[in-house]
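The next block holds one structure in the form of structure tokens; read it before the comments.
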């Protein structure tokens, strides 16, 4: 028996795993692939901004303020301080993506940890953690973000902190509910009966089955986060001038809508494209994972 | 039924308590001494010490919270630093304006959202569905403050049909339901309605698709029930959830109106918040946030109770 | 009792359960206060001999599955002792050791397997958390797959959704065997399978038992299957033992009216054995507030005044090792029929 088993080691038929199935379905989704391509393009643009951008994002000339699109040397016009719009839009991807995506990533880890702990351990820990989460969930997200960064004051770090606090509760809630459901399934009981420690059971049996739904949910929050992050800068919270950031650019160009309306609207279009791409990507992931909406 | 309402009420109390604690802490997480928010920057050390005593900032936090909560319950939200007027008075007017805007926006969003969602769910996978789904994904993806700007550019700057900002000739003091005033409401309300529209459309599409796939509908169709009858079934089954979503969206809009009110200089709570942030008027910030958050908590409660009345399944969940 | 008949020596008890009790608090109401307790398992005692199969039968909600979960310490008892091989679990025998030596196979073959793990990983997980090196654990997994009739080369790399119900249950059995357990608790392990597949898995279980000298606790609501598999049978009703004894005694001469009713309702292939006694009427009473006295008296055709007043307790019947909890068979119990018999 043992010899036969040894022989078989070499010639095991491996089935494709769950994630390779997800990737296969995902690759066949043209809309999601387009969204992914746009996002990758934006990320590359952000990384290589100094090499791509034609001009200096900070230096402007009062003589060439608010030029229209198509001006020679300034294809997308100039802003209210005479800085090149194209350059600033390219550089803007850096802070806008950073401010929009980072809070969701951090909240994904913190929220998952809270939710999985509450869901797996249950009992009083669940009550304490989830009631606290409920309090933050009781605020509309925009209001909470503005309240926190309004109190903390402007600045990139304060903006990131506020947004992270906003996104922890919804992620923790989802994580708690999927974990509670998984904990009751027999394979977790079987693992407990094998004498494995809680940590090992969570790592091997719980995590793999809950992380997918939580992840999809979190990707869906990125678009909200992007809009909110730029919204904070738009209100004068978050990123401070003269940094190029789409929301802040939209704010400083607000009064220019009577002079160069379409130049003034450009940063918002960037936010829109980024946000819709993340939404479509999230939808694609959701259907590739065969999760219900 | 009564037990459910009572349970829901009792569950709400600790949440409301928690919300009030978070609001209370807003002043204390602000960088620097909370005193700086009530004193001129050049106040003498002696004055600072006196004021610290008067405001009770020298006492333990929990005592401060107790005193603050007691005052708040009596309707005293403190005094605005910028205007020197009671926060409660500033809020009263603004809240009415925001409510008007949010209710109208929710209504538009709900009607359009139901329409798109219903069409999409009913003609699943047709081009109509694709179109409606596309519209709804735009609705949830568009930065609404930017959409507001774009609408202003089109309808105010280019076409000059509607005013770009404000609430009418006399500010918000002499609001009336005539064209002079109502035309100020159109752009912000339409802009704001995009958010609930996208979400309502998504929800209704999923609901309609789910109901249509259930066996009782197939049974009704087999019995020869016409589409009108099927339609009635769908509406009856989808209505409670759709209404609940609408109620919550109204709450989100109340809280989230700040960006749109800033774009349109609409004299509501959001505009007030914007001022509070700009002038670092912490009492005004705290009072506005508290009132809006409590409004949202109460709205949640009301929505849940109404939904449980309409849909007996909810109570079991 | 017939003293002249040779008493077959019962096998050495491997698993001894004494006074095992598990109540579940039922939360609810306005402030989440307790609305009562479900007496899922209420003071039960039994033994399982080394190498034997004890069948446990009863309607749903009678405490079969709770008993199973208590045996492998998935839930901890409110009171009562479990001894394994003469060692008291929790003090003389660590719980970890109990979990290694008593393994369980669940009813739902699909839910029992982590959908993200291959069969090889599912089986080797247990040995690895108990300190076995990965290579050795994988080799063991392949060995066990072969042993339960699944060719390792084809099945080791598969995921649960690619297997049939019967194949998955074979994997679950293999996983239980990975610990070289002494006892395997089979909780409705074949109930969800098609009849033909069920027979194959039952034969596999019988073979494995003989090969590896296993002891089974076989839980099922299917009386035919229990009869086929068991050496002794325990009938449970509302968290208590109604009757326990050798399989032939229980099936041949059931003493407890509940056992009789259960067996009468059992489908038979023999046309001469028609249902003679009235099958059970109604559902079991609510285990939250079990009736006083004998718990079965509300549905019992022979119920007398005494039955609603005192709990009969297990009493030895004619055959050695055959016990039933019924006033009908206890002399001087106060039951009219018992008086007559005396």
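The letters A, B and C name the chains in turn, as written, and every chain counts its residues from 1.
Convention: contacts are C-beta pairs under 8 Å (C-beta built on N, C-alpha and C of every residue); 3 or more make two chains touch, one makes a residue touch a chain.
It should be emphasised that the depicted structure is a prediction, and the values quoted were computed from it without experimental measurement.
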TODO: Please name the chain that ends up farthest from chain A once chain centres are defined by their CA atoms averaged.
DONE: C
- [ ] Identify the chain whose mean C-alpha position lies nearest to the mean of all protein C-alpha atoms shown.
- [x] A
Task: Approximate Å spacing (C-alpha centroids) for the pair chain A, chain C - done: 51
Open item on the list: Can you compute the centre-to-centre distance for chain B and chain C, using the mean CA position of each chain? Integer Å is fine.
Closed with: 57
Task: Mean-CA-position distance for chain B and chain A (Å) - done: 23
TODO: Would you pick out the residues of chain B that each touch at least 2 other chains?
DONE: none
Open item on the list: Could you pull out the residues of chain A that touch at least 2 other chains?
Closed with: none
TODO: Name, in rising order, each residue of chain A that touches chain C in their complex.
DONE: 1-2, 4-6, 8-9, 11-15, 17-18, 185-187, 189-197, 200, 204-205, 208-209
TODO: Using the touch definition up top, name the residues of chain C that touch chain A in the complex.
DONE: 69, 72-74, 96, 99-100, 103-104, 106, 108, 111-118, 120, 122, 125-126, 129-130, 138-139, 142-143, 145-147, 151-154, 156-159, 162, 172, 175, 179
Open item on the list: Could you list, by residue number, the parts of chain B that touch chain A in their complex?
Closed with: 14-16, 18-19, 21-23, 26-27, 29-31, 137-138, 140-147, 149-150, 152-153, 157-158, 202, 206, 251-252, 254-256, 258-259, 262-263, 273-274, 276-278, 280, 282, 285, 289, 292-293, 296-297, 300
Task: Residue numbers on chain A that touch chain B, as the complex places them - done: 131-132, 134-136, 138-143, 146-148, 150-153, 223, 227, 230-231, 234-237, 247, 250, 254, 257-258, 261-262, 264-265, 267-269, 271-272, 275-276, 279-280, 283, 293
